[in-house]
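Both of the next two complexes hold chain A, though its partner changes from chain B to chain C.
Let's look at the complex of A and B:
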């Protein structure tokens, strides 16, 4: 791309989302779609993030709240089961953590450089309600 | 077709606005997004009436401003429709931001600009200030001198703009009131001839092609912006003029009316030539004929296509001329005048060493009279006789008070 000359691209301030013709895009999983080089799906915006969500599957009840609320479609869910976070597109806004209803939460924010295994090992205990 | 055809006489008495509205009807515009402004309003009003009366299959979108009008046109054109609108003056000025969007996005919108002065002071009459304002916007600009031209050039504008080799928006200019509100005999095309000339709209990269999704209006920074602008300029400089010449030739075959990039009237053997645009071309032609009867070899060069500027064609047309006057109907506000500068650029590296002088005239609809042009041709002849420009390089015609001249 970097060496493409002025006469080597399609005219107009226009980019194609997919290579070739598409059909039943709603019924095709993201990983199976023929995204073009110009689609933001293939670009990483991870370097914007200063805090990251870590997912702990031990407490997740697959309620899909995080999937619904994520503004960047970065919660990966298959067959209504939470799988994890798309770390190329997550911007670290923390909304998924905010809406997570479990106790303790199944998603928590940590500094970008934090070690995921270490944080999972010292996950908070259930917060007992004080009478 | 689900709409009615209209029976037209061979010659109808139309003003420039109605002629343009009829052309929009015959081209079967899919979407007109418009906001009214004097003196262009009757064009979009005419389209709206044809639509309401079932003479067009399309949509009229009423918007809150000219910025929104052109924005609506851009959206409709990106979606894949044949799109047009009209404006003047302050409305054109408000549209400016979106004019660059339309051309950069390579959307073949046709904009009828009924030329009018720019405030302040507020003025509704015809001069070329708005036309000049659009000249760096990346649009193709055609200039009509009379209602017949305004009618014909709309068909030609669609034909050129929509060509997949071109895909650039086009303006059709006519002088406010002098053309837009002056009824003249206009030779018509039948509905089938008119529509047949422009043909069915052929979409390109349209958003309604759901099998090939596209994002229009993307952002580029220092990494890509220059290449996009270079490509647009390249296409204006190399592809558009041959397509316009082809469209002019095809239109002559259809109608018998011949248009040219530059309209030459008695230029080939002329000593003195006036270069101008709009209705002034017709006045100057009449005076040139009278000057010839008095022994002055006078001619007129009318600019038909302002952008892309017919640089080579003008250099060729003026190669044997001894003295040239450029008539700018827009205040240059601190420079020599667009036509003066462009014509100087055309001729500077050629063997033509014509004496070039510039004139500013007709601002805010002030009349350019035959007497003004007689004086002007006499000045040019005096320059030829003296072998040098005997007047200041820039003079104002028809302004009250002490003689105003510069340079």
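Let's look at the complex of A and C:
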């Protein structure tokens, strides 16, 4: 189906999100799903980004604000812990950084080409002015 | 009836397996997908979904991709609600005839549409669904403009907004008609549940969506969808804008049960002047010119009188 032109469909054609049978989608995490080639999950919007979020787990309190407010399902949380950013689907909007409540923030935006290790090594200190 | 998903706190909520996928083509910072995620994650039941023409539809079904991990249909601008209502009617007919393969599953029928497809173009169709009493939920992603086609005003656009068909300039302050009161109109249909929500108040949202799933009959949900592209603000500020809209009471959060009982579900501790909400958006920039400043005062008066009206209705239980 993935190779069919948009004008070559037969009446009643349907795009499937998954390959094969899947019975309990709401109980199956992304890593355990057999995504089809027609699911946008297999695509990437990484080239939309000008800036990217970098996650510093040392300050994270797992509040999950970033998870709920990320529009692009790009905050990966497992077992109630924030474990990283999905860089194929993150569009670099910066919402996660804005809503992160820690001091210093556990997520910060950097230019797309910035080196993650280097940025983590010089992470800002706690801002004493802020409560 | 399947059991309602238990969502005590945000940590628990974050264990949800999303059924809406990334690499859709919505703008960075778009509130549509935040709302869709909060709605879909409120249940573990199967989903039968539709999207009427609009940003959400064109950005999540670009061939060869779909961003939906559920049955999903799009037909036209006006009839997403009717498509879902048709599916619901068919489901009930098959159930009655005992022809469902898994009758114990309890699918949720949800129609998503923008304000253009709800307040204007699809209005008659939604009204019909409510009158016939289908067991569906219609969710409006209300960004107060036709964003998908370039920012034309809709009947949801508020006074003073500059839009491509009502531009502000030397001869005009932009949109002149006030936003249509869809909540009152839908409540007047007498459906069991009508509620206004905003994505920043996720708990209020989930509570209302789950209540909507629990009642028998058509449910109308009006969700504020902050649009960085047309409201003209920085994409990172989407949640800031949402906070401003609920805390200035420009977008009050309330519900109406059985078309009568109105409950206010969020009362800001500190109510912020509406001027701050307007100042945060480029579409209202011109209101801060001397000749148009009187409109800010009128805005505040409108917000105050609407809040007083909601409070009176809550008290009177009518």
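Keep this in mind: the second predicted complex is superposed on the first by the 115 of 131 C-alpha atoms of A that agree within 3 Å, B and C clash if a C-alpha of one lies under 4 Å from a C-alpha of the other, contacts with A are read in each partner's own complex, and residues count from 1 in each chain.
Criterion: contacts are C-beta pairs under 8 Å (C-beta built on N, C-alpha and C of every residue); 3 or more make two chains touch, one makes a residue touch a chain.
Keep in mind that what you see is a predicted model, and the values were worked out from it rather than measured.
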Chain B versus chain C as contact partner of A:115, first or second or both or neither: neither
Chain B versus chain C as contact partner of A:91, first or second or both or neither: second
Chain B versus chain C, judged by how many residues of chain A each one touches: C
Chain B versus chain C as contact partner of A:21, first or second or both or neither: first
Contacts of A:6 with chain B and chain C, given as first, second, both or neither: both
Residues on chain A lying within both footprints (that of chain B and that of chain C): 2, 4, 6, 15, 17-18, 25, 38
Residues of chain A that touch chain B when the two form their complex: 2, 4-7, 9-18, 21-23, 25, 38
Touching residues on chain A, where the partner in the complex is chain C: 1-2, 4, 6, 15, 17-18, 25-30, 33, 37-45, 48, 62-65, 67-74, 77-80, 82, 86, 88-95, 97-99, 109
In the complex with chain A, residue positions of chain B that touch it: 104-107, 167, 205, 211-218, 220, 223, 226-228, 230-232, 234-235
Chain A-facing residues of chain C, complex: 10-26, 28-34, 37-38, 43-45, 60, 62-70, 199-200, 202, 234-240
